[in-house]
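Several structures are given next for inspection.
Look at the two complexes coming up: chain A is in both, with chain B in one and chain C in the other.
So, the complex of A and B:
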């Protein structure tokens, strides 16, 4: 087992070059050859021209914070590879709308047929669409100088790593990079012909000095069939949003183990950047949390203001409007006949609300009550409203029937 | 004026900055969010905005030091690469390689023409900004009363050098110089305050954001005063109320039994929902049209309540009462921009359905912020449904050029004793509502008000009476 010599190395402290193995030999199948692991703080590694990191943590917020820290602090000329795996999480893109992309209520209830804790909701810093991460999914991240940036370059690198491994080859599948810079697998179908499945998605973050390309790779996730419901929001037909919408594709596992994938990618990376005898640094949770900048980034990523408040402007309406003339989906909940609702939400805050048709007990003029209730909702944060029934009750000075409407709004948001 | 100074320089300092090529042949991208606002100071490499193109999230930083003057796009709009996306008043040196990022010379020349005409238009806005800054500097406050965003601060290169030396963010310093310029003394004072433990974190946070952060301030702080200019609606309210409250008011309040009206309304709404409706008709009646009609009916008996008082300044300030034939009943409404009072004209000529339709029309316009001056003018008496905001009794304020106002409180269910003969001990449910009348005591006496209020109450408590008055 390769872990024993590694553990030994760790315990013996910082070991240097003389323990470097012969990397050139069969690194693609090199599950057994030890690679030197550094135990000193990973930040000391940031000045090197080629850097390779693996995270021990499965906390998606922490891993993204480490990644961001690497983006900000690695030497401007360096090229960095970072590999990590997350516990079950739904990860939305920087500018996406969680109410539109995710079924938040289903998310809170957890994966179907699973007793595990509910998946974590994360908003990453790079663009792109919504994905599901779990232990069967590997994340890889390359940071390089802007002149060297190319959307396909490192996707091709991962494809090379995959091609050499047993899993993909055994399934008779061919992996390649498609036009959207995703990695797909073409499988021969019994009936004849070829079906294409997505096995990896990519996203990018570009700053003035550095370019980041990170992507996933579906290795052996057990949850492929369970995730669909989480990524379909009941509010979809009612929300018109700016920002990026997700593009759905059929997905497949390539059928590989995490370690063999990681080793293969590291191997291809070393080949590409001529880093035959460089170090690989394992980043542990404690070590990362000891770093102020990582913690600062972590705080940002975990705050509701980031996760929900970074949502671009969107409108929600029960009926077709000038801005959004689509026909609305049917509503199965029992609502008052004349009920209409329209919200404009910016950065998670209700900027305008127009509810009508609510049923009040003893009001002199229902229409004015609707106005008062609507005005009371303005400037409230959508993501602070835990239960619409009590929110509506509090917003109305006159007793109002909240059950039907409140429940339906809870279902929407 | 800052603008006048710049116009005198041979080189125009405000330059449109082009959106740099972000590579990959991308011609346009979506602005996700801005990190600056007009008036914000930026340095070289300050983040300006974040854009998204397909799956890439790109941070755009500034090439120049200066003050942001104008954003060409709003968040959510598509920005074109190679076209101006922000105007910056450049205050540093422009490097050779960055000149290309500025709009070409022809565009600049076009800018020179509008400049002189812009100058007279701009000053009012800039003046209020400057005067607000002046208010700031008069009170020695630490907060930023101008709301969100950094305010425009100008500083000479020497001052900027000092601020860099002392690691001070210029935008956080209150400028006491002309036009809010930051002077050396301001920097020194800021540094001192920064050292002092009493400098609260909230000083640099805009007050609007402070509303959402949890109160972390200690209770031993000194009182902080934050002058805020009144909104236009508030200003109007201020003027109106100051005038109104020079009128001596008296209050007459009464509890009105709505039970019969509740029954009648229920019956009428059932009829309305069964019959096919034309577009102009209302689908469901509220109580307000009944109340408004009852008031109008009372005004026929007591027309003084529909009058106004004119004080003739030419004739020794002699007051006259001006009676008015039409009942134009104003209905107070809570709108997003505050309390407004649109008017239902000539209620005397409208039936309940007509009043309801007009009420609905005005309510829709009010919510949309589209009431016309026509809708708001000519009121002779006002009904204020502030029961909608909560409150049982109220003391409404008579509107200018009127002499009376009716405030309708909340409807509530109360126990009462039956009035059926022989059953006087039985407790029954009643729906009641409090009517609070205010009137100008200079011309309306208590007895008149009481009698008029009685008429309204009688009609509302026994709405079938209206049948008797049908023509």
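So, the complex of A and C:
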């Protein structure tokens, strides 16, 4: 069972460069902790009215799959808390565009000033915008029945947890839930007045029978200053996307450790739901991977068809169009003077392509060659194109100069 | 429709409920431009989807109710169903996003999706404007072919009056 996801992920690695190449299902470290050793699988807990889980895994795909499994399988009347921390990841919302939200090339190169592996690209199932996760960021998730659903209720719960802790208080920061359902911290600044920073974002997934609210919390991330470049795409000025765009906010750590935060959130959760004596269940990787439904969800989340193919309709064009009349950014790459390109992409698949002005090695009828080349790109999946230079070469009926244009398109996508 | 209709914090649309109660026509959302056969019947699910059954009882049009659209807030994206898909009542067939929430749309009855409303791809807010309009520019989500099982499912649904009562009751919590 353990090797199957590994083999799957290695295969996927060949298809897309954007997943971390060395995802490992690490063996469980023995952790000395006060939590009693469990002999029952965590799934036996799903019928209880109040459930608390903590994940041992730092794999974002697995954690989201465990979360989804809890959403689907926990008792319909129950209330569930799930806490997890992910290795460095860029997490986009269900209806977002990775080419627009993320600098995919920079992502592959990894965080600046860091020798660590490149962050993982993840698309979650809930709505909302793009966030960065790492060891200094905590994720909390509450699942409850629809009548009890409220977008702020559990964010307020986390605020109570934060207010009770030394770190936040010591920094003199006041935490609260804002109108966008984010948790923000108001800091007094030297010059007088107050500056507000986001410390937590929220997102939701609503099914017929259950409601899920999950959010982040910046505790002590080392990467705050490093992620800006990853979350700015060079293609932004050229893409017009349907779907959901991120709203950027200045961010700050609250200055807390992972365990103290988690313990405080569990404490507030118990106060709310009266489960003072209930056990906390720790979910290990092996145990989660032994569950068929978790693995099914994992397969979905790791598939390029989900990560890239779930992207809403968008157009890309080098020049202003009726659909997108904005002035385009300057292009520093060397491109043929007459070069123009326009793509319509739906579900990650090129539905229409219109390239013009490419330079062919011998000229028969440039315009009609452009048409043939363009048509050859249609129905190709954008996320399967590893290198635009070879894609263009293959699409062209006649040898064509691919370096300039190919390089630039690689930079865009 | 994943319901947040019973969400306590949402601004209660009391004016809206009042309009419903006082409305002369009991059907929610008059359809002056409707292209449905005049003897089409409309019913609702408790999860706030609606479905129009055509006169010949073989086809239908579905969407989410005005009530649901109001509760959801500004819809910024609609994940449309897959054409050709065959579904059971209650299956998730798509989703809408509003206020960072991805909310499932569920099939009101067993049916086969034959056509989807591409207007919503460009203008998801159409649902907020005309959620129950099944004509060309309306907020309908899909056209469907109805099976035997679907007809049985249809009988279990709420008619316009029952739905109105149901939502009024919810609004009072």
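Here is the rule we use: the second predicted complex is superposed on the first by the 374 of 413 C-alpha atoms of A that agree within 3 Å, B and C clash if a C-alpha of one lies under 4 Å from a C-alpha of the other, contacts with A are read in each partner's own complex, and residues count from 1 in each chain.
Assume contacts are C-beta pairs under 8 Å (C-beta built on N, C-alpha and C of every residue); 3 or more make two chains touch, one makes a residue touch a chain.
Computed from a predicted model, the values in this text were never measured in an experiment.
For the composite obtained by superposing both complexes on chain A, the positions of chain B and chain C are in clash.
In the superposition on chain A, A:54 makes contact with neither chain B nor chain C. Once the two complexes are laid over each other on the shared chain, residue contacts for A:214 go to neither chain B nor chain C. By the touch criterion stated above, A:312 is placed in contact with chain B and with chain C alike. Shared-chain residue A:354: touches chain B; no touch with chain C.
Using the contact criterion defined above for the overlaid structures, shared-chain residue A:368 touches chain B, although it does not reach chain C.
Within the superposed three-chain model, A:242 lies in touch with chain B and with chain C [touch as defined at top]. Once chain A of one complex is fitted onto chain A of the other, the partner contacts of A:125 extend to both chain B and chain C. Of the two partners chain B and chain C, more chain A residues are in touch with B. In the superposition on chain A, A:151 makes contact with both chain B and chain C.
Within the superposed three-chain model, A:202 lies in touch with chain B and with chain C [touch as defined at top]. Shared interface residues of chain A, touching chain B in one complex and chain C in the other, are 93-95, 125-129, 146, 149, 151, 181, 202-208, 242-244, 312-313. Against chain B, the residues of chain A that register as touching in their complex are 93-95, 125-129, 146, 149, 151, 181, 202-208, 242-244, 310, 312-313, 338, 352, 354, 362-369, 371-372, 374-375, 378, 381, 397-398. By the touch criterion stated above, chain B contacts chain A in their complex at residues 22-24, 30, 32-33, 45, 50, 52-59, 61, 75-76, 212, 283-284, 286-288, 291, 333-336, 359-360, 363, 366-367, 385, 387-391, 408, 410-413, 431, 433. Residues 1-4, 6-9, 47, 76-77, 79, 90, 92, 95, 97-104, 106, 121-122, 124, 173 of chain C touch chain A in their complex.
Within the complex formed with chain C, the chain A residues making contact are 93-95, 125-129, 146-147, 149-153, 180-181, 202-208, 211, 242-244, 312-313.
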